[in-house]
Structure formats: structure tokens, C-alpha cells
Amino acid sequence: MTNSPSDPAIDAQRFATLVHEGLVIPPSFRWRVLRLARGLAEVELEDDPAFVRPGGTISGPTLFTLADLTLWAAVLSVIGPQPLAVTAEMAIHFLRRPKPDALVARCEVLKAGRRLVHGDVRIVSRGEPERVVCHATGSYAVPDDGPAVRSSAP
Amino acid sequence: MTNSPSDPAIDAQRFATLVHEGLVIPPSFRWRVLRLARGLAEVELEDDPAFVRPGGTISGPTLFTLADLTLWAAVLSVIGPQPLAVTAEMAIHFLRRPKPDALVARCEVLKAGRRLVHGDVRIVSRGEPERVVCHATGSYAVPDDGPAVRSSAP
Amino acid sequence: MTNSPSDPAIDAQRFATLVHEGLVIPPSFRWRVLRLARGLAEVELEDDPAFVRPGGTISGPTLFTLADLTLWAAVLSVIGPQPLAVTAEMAIHFLRRPKPDALVARCEVLKAGRRLVHGDVRIVSRGEPERVVCHATGSYAVPDDGPAVRSSAP
Amino acid sequence: MTNSPSDPAIDAQRFATLVHEGLVIPPSFRWRVLRLARGLAEVELEDDPAFVRPGGTISGPTLFTLADLTLWAAVLSVIGPQPLAVTAEMAIHFLRRPKPDALVARCEVLKAGRRLVHGDVRIVSRGEPERVVCHATGSYAVPDDGPAVRSSAP
């Protein structure tokens, strides 16, 4: 049994374990990986009253956390399990005020370099795939002692 | 009794009330305003084990939340209490891995426009003011029905 | 004869005229619109020795200029001819060093609001559509006296 | 004769030579270094009709070029002459429409790492130091074979 070039370098179960061990997500954050392929991740976040801010919309930090988590999943799908990979920078645009509902974030890796892995994240409300509510682009820094990125990376 | 041109358009107590009513911050987030002047805000965040991620550093979402909160304080110091002012966009750079310790964020408003208020946020570990661990720049959108920005704004 | 909802609010010829009248592009910048639909623009930039910097790659300002021009085309495809629409902000990531060759930029509008129009721009070398060399996301500010954005906008 | 810790790792004359050899700046771009210290650069750009766009303001690409050039100067003031150092990313905010006049850009390096050097750039019109017209933050990537950053770096 061999791996296909599009197999992710980490599976959803292993990723969830890394996140839970890492304690980086608030307990109220009920999320799950919908899809994980090499260079592509989709994560769903359940609705929660704790996320809602004045005006009945989901808070900026909640959207950032979801974007960062989804970017991390997509990055690890290329470089493999790397608890020490950290966000280098992110530019996040809040385009629409999402109503209180589940969110779906989708990240595509646009460049997997030896030092930085860069991706594009788009967040929509569940059931409204055409209306991007949040658009984030950013990079994770790959630790020096990390495994080399394989040549099949994007 | 009159206001001086450098008086903030909201005081720290009123700002804290807005934040607590708005429920936008996780309960583990113990913060306080150190300083609030017109166009300038300093916010301190107490250390908490929940913020620490693998490698012994403070998580990206925690730093974003602190940056966003401090930007909000600085924005409201110019436009006054506006529960519906929301972040339009933010570019955030994670420059150093802060050790688990209290953080101090300082935001300076660089432009207060009729539609957008833009600021620069720098976060340091308490006691190390010269080492910026996180640098964020971004804008809040001013609601249409908000009070006009006074002419003494930056 | 009526317009279809996907017709751009400006055509390529009119856009080129606006750019040439506006003098915003250096004379060495030989570009043309490859495609213009509502909320979508593709612009090609011819190779030129003046763009090449040390190491044999195309300069950052050249890539920014192309990204900004393509974003402008996409924005005007939604709001119509608006010489006074200006860039509010842009986050630009230089992912790979493009070799000296023609470039193709493609911009998709993700949100057309009353005040801001936001898009995503990806630049590739001609003939290598899978390798994004530059990724830019940003917004144009719509002038107050501009025509209202039509309801068919993205 | 020894160097002081605040001496720049490159002087203004050498920097100008690098730029002119690199051909990265359009010929109409008449600029000069006003100040260069370790981790700090100030660059002035003369007014030129070619920079002015509709509405009588200076074009976005001109402001980006000036920001990028000033960031490069500040980066090289820390790491020394490095023709192959390239911009990794930049987030640029256009805050006010500068009138057609000379511009002054000031860049402060906030972090000089082994891989990335990050700075903050603020551009004002000459004679109006309090009104920031453009705010840019970004990073240059340090080539692998570059000289090690000295310990006195910011």
C-alpha cells in the first residue's frame, strides 16, 4: 500500500489530536475537519452564543481563530505533523457580518516553501457558499528541524 | 467643566462595560486598560495557561484578540461609544514567540476618517518594552449612523 | 438590446482609456485586458528589461502595479467608470521569484459593498498557470458620489 | 577606528549604488536617503507630474515603490549589502490622498531575524510630519547565504 501524491501528510484524526494536546483553542470552540487533502483543508465551526457580539454577528477573534486553525490544517497537510509550526503573519478581511450560524472555512495552499507555507482562507456561513464573510491570507513558518517539504507539494 | 482636546471620547470604565456586555472576549481573558487618551490605548493581558501553545509560547488567536481589543479601545477613544463598530481588516505579524507572561499592547490611531479608523498596534511582554512580539495594523469601520468624528481627531 | 447580469459595468476599451488619461502607469508598462466580466478581470503584462531586478527576477513594485491595475479593472467592472476610486489597502505576498517573462494577473471580486470593493489577485507567469508568483488581496474605496452598486454585484 | 553599534551596515552612498545597479526604480523616481542608522531609514521622493493620478493625488504604485525602497534601505542597514534580499510580503494602507508634493518615508525595523527582517514604514508629505498618508508594514527575506545578522540588531 502506497501513498498517492495527493494524500495529505497528516490525517484529520491526527490533526485533531495535535490541536487538543496543544490547547490552542477555547473549549467552546466545537470544530471538525470536513475535508483534508494535500494542500487543502475544510473546517466547520459550530454555532455558539459565546461567539456573538453586539449587532448579532460573530466576533472577529472567532473568525481569526477559525482561519488560523484551517490554515494550520492545510499547512500540516503538506509538511506533516509539526507542533512547532507557528503563524508568521496573516492579513484578514472581514467582508460581511456573518449571522449566528455554523461557519465553514476552506484553505488552499498557494506556496509551500522550505521556510514558509502560504495559504488563502475563505469563510462562509453554512448553506451560503457564494457569500464569503471573511477572507484571510497568511503564512506559517516551518521550523528549521522540520521534515523537508516533499517535491509533490504545491 | 470642559473637555480638553486630548480627552478620550470614552473612558476606560465605560469601555470595559461595553466589552463585557458585548461578550466578545473569552472568560479566561483577564485584561485591563492601562491608559486611554484620544487616539491612544494601552491594554494589559494577564498570563493564563490556556493561552500557551506547543513550544511554550502564547497562541496566535490570543495575540489577535488582544490586538483587536486594543484597536477597538483606541478607535472608541476617538469616535466615542459605538458597540456596532467592527473590524474591517487587520494585518498581523508574529515577530517573536512571547514567553508565557503578561502582555502589554499599545495602539496608536494614525487616521480617523469618516468611514474607517486606522491604527497601529504593538504588543510586548511586560518588562521587555523594546522587543515587539506582535505588530498589527488595521481598521475599524464606523457605522453610518455613528457620531461624526470631531475635528480634533488625529 | 439589454445588458446581462454578468456584463461588466465598464468595457476593456473604456478601462484602457481611463488608465491612459489617468497617467498612473509608467510608459514602459505594456499591458492589455485579456478578459473582463462582472467582478472578474484578467490583465497581461509584457516582459520588459526595466522590470528585472538583481537575481533575474521581476521587481516588487512591478508586481504591485500589475496587481493594483487588475484590482482596479475588476472593481470598475462592478461599479462602472470611477476615475476617483482609489486603493484603500492591499496585502501583497511575493511567493516565488518570477523569471523575466510575461505575467498574467487574475482578480476576483469577493465583496462589492457600498463603501469598499474587495478582491483577490493572483499573478502567474504566462504558460505556468499553476504556480502563483504573487498573491494580493485588497480593497478600493468607492467615492461617496459614485453610482450605487447594482444589486447583481457579487 | 571602530564601528559603533548603531552604525548602519551599509551607507547611503553604497545603498544608492545598489539601487542604481539593480534598475528596480523607474528613471522618473528622483529620491535620496535623508538618514540611515542601524534599523532606521528615511528616504525623500521628489514630486513629479508622472506620479499624479486623477483627483490630483499621488498614485498607489508610487507610494508602494517608495515604501518598498525605504524598507529595503532599513533592512540593509541591519544585514549589510544584499542585492538578493527580496520583499516577502507587505501590507499597505493608503490613509489620505497626498497632494502633489515631495514625500518623506521613514522605516523602523521592528525585528531582524535570521530569515526575515520586518519593518514599519510611514509616509508623509514634506512639511506635514503629523499626517501619515500611507502606512506599510512588511518583511524582506534574507538569502540563505547572507551574512549572519549581528547581535546588536534590533
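For reference, chains read A, B, C and D in written order, and residue numbers begin at 1 within each chain.
In this text, a residue touches a chain if its C-beta (ideal position, glycine included) is under 8 Å from a C-beta of that chain, and two chains touch if they have at least 3 such contacts.
The structure presented is a predicted model; accordingly, all values stated were derived computationally and were not measured.
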#### Entry: Of all other chains, the one whose Cα centre sits farthest from chain B
C
#### Entry: Of A-D and C-D, whichever chain pair has more C-beta contact pairs
C-D
### Query
If you average the CA atoms of chain C and of chain D, how far apart do the two points sit, in angstrom?
25
### Message
Could you work out how far the Cα centre of chain A sits from that of chain D, in whole Å?
### Response
33
### Summary
Note: chain C sits from chain A at a C-alpha centroid distance in Å of 27
### Message
Where in chain B do residues touch two or more of the other chains?
### Response
88-89, 91, 93, 139
### Query
Among line, ring, star, complete and other, which one matches the pattern of chain touches?
complete
### Task
Report the residues of chain B in contact with chain C in the complex, numbered from low to high.
88-89, 91, 115-116, 139, 141
### Query
Which of the residues in chain C end up touching chain A in this complex?
91, 93, 95-96, 110-111, 113, 118, 120, 122, 132, 135, 137, 139
### Query
In the complex formed with chain C, which residues of chain D make contact?
21-26, 28, 49-50, 52-55, 57, 59-61, 64-65, 68, 83-84, 86-94, 97
